[in-house]
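Chain lettering (A, B and C) follows the sequence in which the chains are written, and residue indices restart at 1 in each chain.
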Amino acid sequence: MPERLGDLADRFDCELRGDPDIRVSRVATLSNADTDALSFLASDAYQAQLPTTSAAAVVLDARHADAPPGAVLVSPNPYALYARIAAVLHPEPAAPPGVHPGAVVDATATVDASASVGPNAVVAAGARIAAAAVIGAGAYVGPDCVVGEGSRLRPNATLVRAVTLGKRGIIHSGAVIGSDGFGNAMTDAGWLKVPQVGGVVIGDDVEIGANTTVDCGAIDDTVIEDGVRIDNLCMIAHNVRIGAHTAMAATTGIAGSTTIGKRCLFAGNAAAVGHISICDDVVVLGRAVITHDIREPGAYNGMFPAEPARNWTKFVARLRRIDSLQKRVKKLEGK
Amino acid sequence: MPERLGDLADRFDCELRGDPDIRVSRVATLSNADTDALSFLASDAYQAQLPTTSAAAVVLDARHADAPPGAVLVSPNPYALYARIAAVLHPEPAAPPGVHPGAVVDATATVDASASVGPNAVVAAGARIAAAAVIGAGAYVGPDCVVGEGSRLRPNATLVRAVTLGKRGIIHSGAVIGSDGFGNAMTDAGWLKVPQVGGVVIGDDVEIGANTTVDCGAIDDTVIEDGVRIDNLCMIAHNVRIGAHTAMAATTGIAGSTTIGKRCLFAGNAAAVGHISICDDVVVLGRAVITHDIREPGAYNGMFPAEPARNWTKFVARLRRIDSLQKRVKKLEGK
Amino acid sequence: MPERLGDLADRFDCELRGDPDIRVSRVATLSNADTDALSFLASDAYQAQLPTTSAAAVVLDARHADAPPGAVLVSPNPYALYARIAAVLHPEPAAPPGVHPGAVVDATATVDASASVGPNAVVAAGARIAAAAVIGAGAYVGPDCVVGEGSRLRPNATLVRAVTLGKRGIIHSGAVIGSDGFGNAMTDAGWLKVPQVGGVVIGDDVEIGANTTVDCGAIDDTVIEDGVRIDNLCMIAHNVRIGAHTAMAATTGIAGSTTIGKRCLFAGNAAAVGHISICDDVVVLGRAVITHDIREPGAYNGMFPAEPARNWTKFVARLRRIDSLQKRVKKLEGK
């Protein structure tokens, strides 16, 4: 669906420099764009591509507005403006309202007439699917779960039980929300399962990535506040609370009963141990492990970058002799 | 289903201090309990909440029995007693016996009349589902798999092929058991797949977490002994053997052909390389990697806690100069 | 299906020492083989088992050809020869051509008559399933996806959308290919989703492990070249490119827009940060994290092996005092 640049500038209240009658029909990278494509510059790393791009229009900030040969849409936040225009040019395919004949919906579940339940999806007893929600093919909505207005479960996503998902959320394929927390009591006869009776409460505008798991609470609920973004293959254990607008990159793991503040960022494969509290506005760098309460906003790190294996082996061997080095220095001091 | 405290004390053979006619209908945390709730104290960290809890009854050990205002159930292992009572108050919902019409069961599979096969589940050729087993919605039981008495596959769990699951096991949603091990032979034309013909043998009372993967053996079987507990998103590679009552927290990874003893504990994101042997009663702390045979029980560690990024950067830079430091000390010694 | 050794030697053009009329019906390890089994020696670690094996025949290289009591098949690459014979003795079960009545195939999808679509699988609008492809039970093939000739989706695998899978590929159970990349623009109102409009292009002879995720590209495609092998629970982020014949062991993670060369090896839980380039023939050892461009082939490491916790604690404490040690050495030098 081609869009006039003039219409886009009006709709998103941004400055257009160029012919308002030019139409764009898709997004493209600066280097691969052709003349019906819109591109963007959100990182200076790509600015060298501006003068030679074939894009019909480029979304960028005022500093770079003169560089491209074609039209520009100027915004102080070009990445966000690009995201808004991309959503217009590439809308989510509409899902047909109603329950597919191959789906199974329990008689005690309620599905809004405007919601879509896809082929071979299952909606269990007492579940509620709100208006405009989309339950993808093969997805499962367990007992007493709620899928809020406009939220979407991608194919083969699973809400196990007692999950309340707010509005406009996305649960990606393979994600499992509301599985039992890892609660085991040791006895003379071995481990005894500790029933996990809490649920999961997820706010509005939350996105949870493919094959991520979020466990239900042991007694009280696991809580994910509004606007949180969780990437693929993350693990959120029982009774974790994640503050609003926190984002976690892939394979991040948060152990049980840990509370995380608002607007935190976890880079890839970061982690936090259980039963701690992390304040607002903390950045945990890639693969770092937070092991105690964090009360100061800012960046935290704990990762050694890889290096050529021979160097690394020597480095570790030297470190391992630090005890001896300390003794030698002490001996020298004694002289 | 409210329960009399007197009945619970009789049933679980523990000491009741308080009115035996008081009834509890659910479990709650000490701080959130109301007067029909039972709570527990299993960690001294929460003992300050005892005097003010509204719980009708608290499960705890003798040291704390006088602290709560209400009734107490006294046990030397309060966490286990709590688990047993919680299972009474919050029983697993019964699954209806029989095969749901939306499920597909191969003509050569056998399903006990007391077993439950949920909507859109699939049971393949030669599979056997024992008495009181529950195959959740969308779950898959592959060729020649056996699901033992009372075992449960949660919705969208997968037993790929040749998996024998013992009694009273739980395979959580999204777990994949019996997928091919990672066997590849290099040839001039690239990787050649090495057929993985072994199976997976799982003992009784085993629980395997959401989205965890357990690969089938290359030739002999991958083995998980009785009472093992594996959390979410763990990886158990081909021909691993895990000893009875070992527990592994989330995102633990065990590489191929490694043998792990009984009663070991792997904390979150711990790991072991392949082709090694770890003795009984080993504790691997969070994110530590075991790289060689372990013959001594005890705790093992290998993780650096995160710290403020600026400190960490300086710390790593100083460590990297250890070579120069050694040379300087040697020079001083030479004087 | 028992096979004559003479026939196997002819078929795979290798030297047979022993009676060509001996038949083998299955593969076995050296120590567990009985007299109708074929075994192999691919690592010297097991050579002590050769003299006592009961195997009817052993695949090995010329150096060990005299050790076993029975017949031998001699090859310079015994592991590859073993793999080829194992595939003959243990063939993949044939999947019945056609669409299972419990499957749902969109009217606009095309399924070759020789392809198999299993029970409760779903094939969405515009998808194409080529000749001899196998879509396992409960698997999902999303809009506009292509499954190439002879490729197999294991049960409950998911191709979300816009995935092109080449020939003879295997996507294991629980894998999710083509889920949205993690693209979020910060705004005053919180995170704004950046539409992910690219696809995933996968070459021929690629295998992707259970519960692994491969995200679609943000604009251009995520690319996995021919012959790549990816194990379980790996994360391949948007716009990653993985060169031909690269192999990644379980739980490896590659962050967005990183390019990886041909014939690289990633050991378990290795990782690479985003927006970097790694040349051909790089080996990343277990749990190492590549943080910048790699231009030299060879092995890279960054992992500290675990040790007894008490030792580790002392070691870390000593390292943390390296600052003080440097100062003391400086002071000594000043004297």
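Note that contacts are C-beta pairs under 8 Å (C-beta built on N, C-alpha and C of every residue); 3 or more make two chains touch, one makes a residue touch a chain.
Small disclaimer: the values here were computed from a predicted structure and weren't measured.
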Discussion item. Using the touch definition from the top, what's the fewest steps needed to get from chain A to chain C?
Written reply: 1
Worksheet entry | Same or different contact residues where chain B meets its copy chain A, judged by the half mark | different
Worksheet entry | Intercentroid distance (Cα basis), chain B paired with chain A, Å | 25
Worksheet, complete the sentence: So chain C residues touching two or more other chains come to 102, 120, 138, 156, 174, 211, 233, 251, 304, 319, 322, 325, 329, 332
Worksheet item: Which residues, counting only chain B, touch chain C once they are in their complex?
Response: 102, 104, 120, 122, 124, 138, 140, 142-143, 156, 158, 160, 174, 176, 179-180, 182-187, 190-195, 197, 211, 213, 215, 219-220, 233, 235, 237, 251, 253, 255, 271, 273, 275, 283-285, 288-292, 296, 298-302, 304, 314-315, 318-319, 321-322, 325, 328-329, 332
Fill in: In the complex with chain C, residue positions of chain A that touch it
26-29, 32, 42, 45, 77, 79-80, 82-84, 86-87, 90, 93, 100, 102, 118-120, 136-138, 154-156, 170, 172-174, 205, 207, 209-211, 226-227, 229, 231-233, 244-245, 247, 249-251, 268-269, 286-287, 303-310, 312-313, 316, 319-320, 322-323, 325-326, 329, 332-333
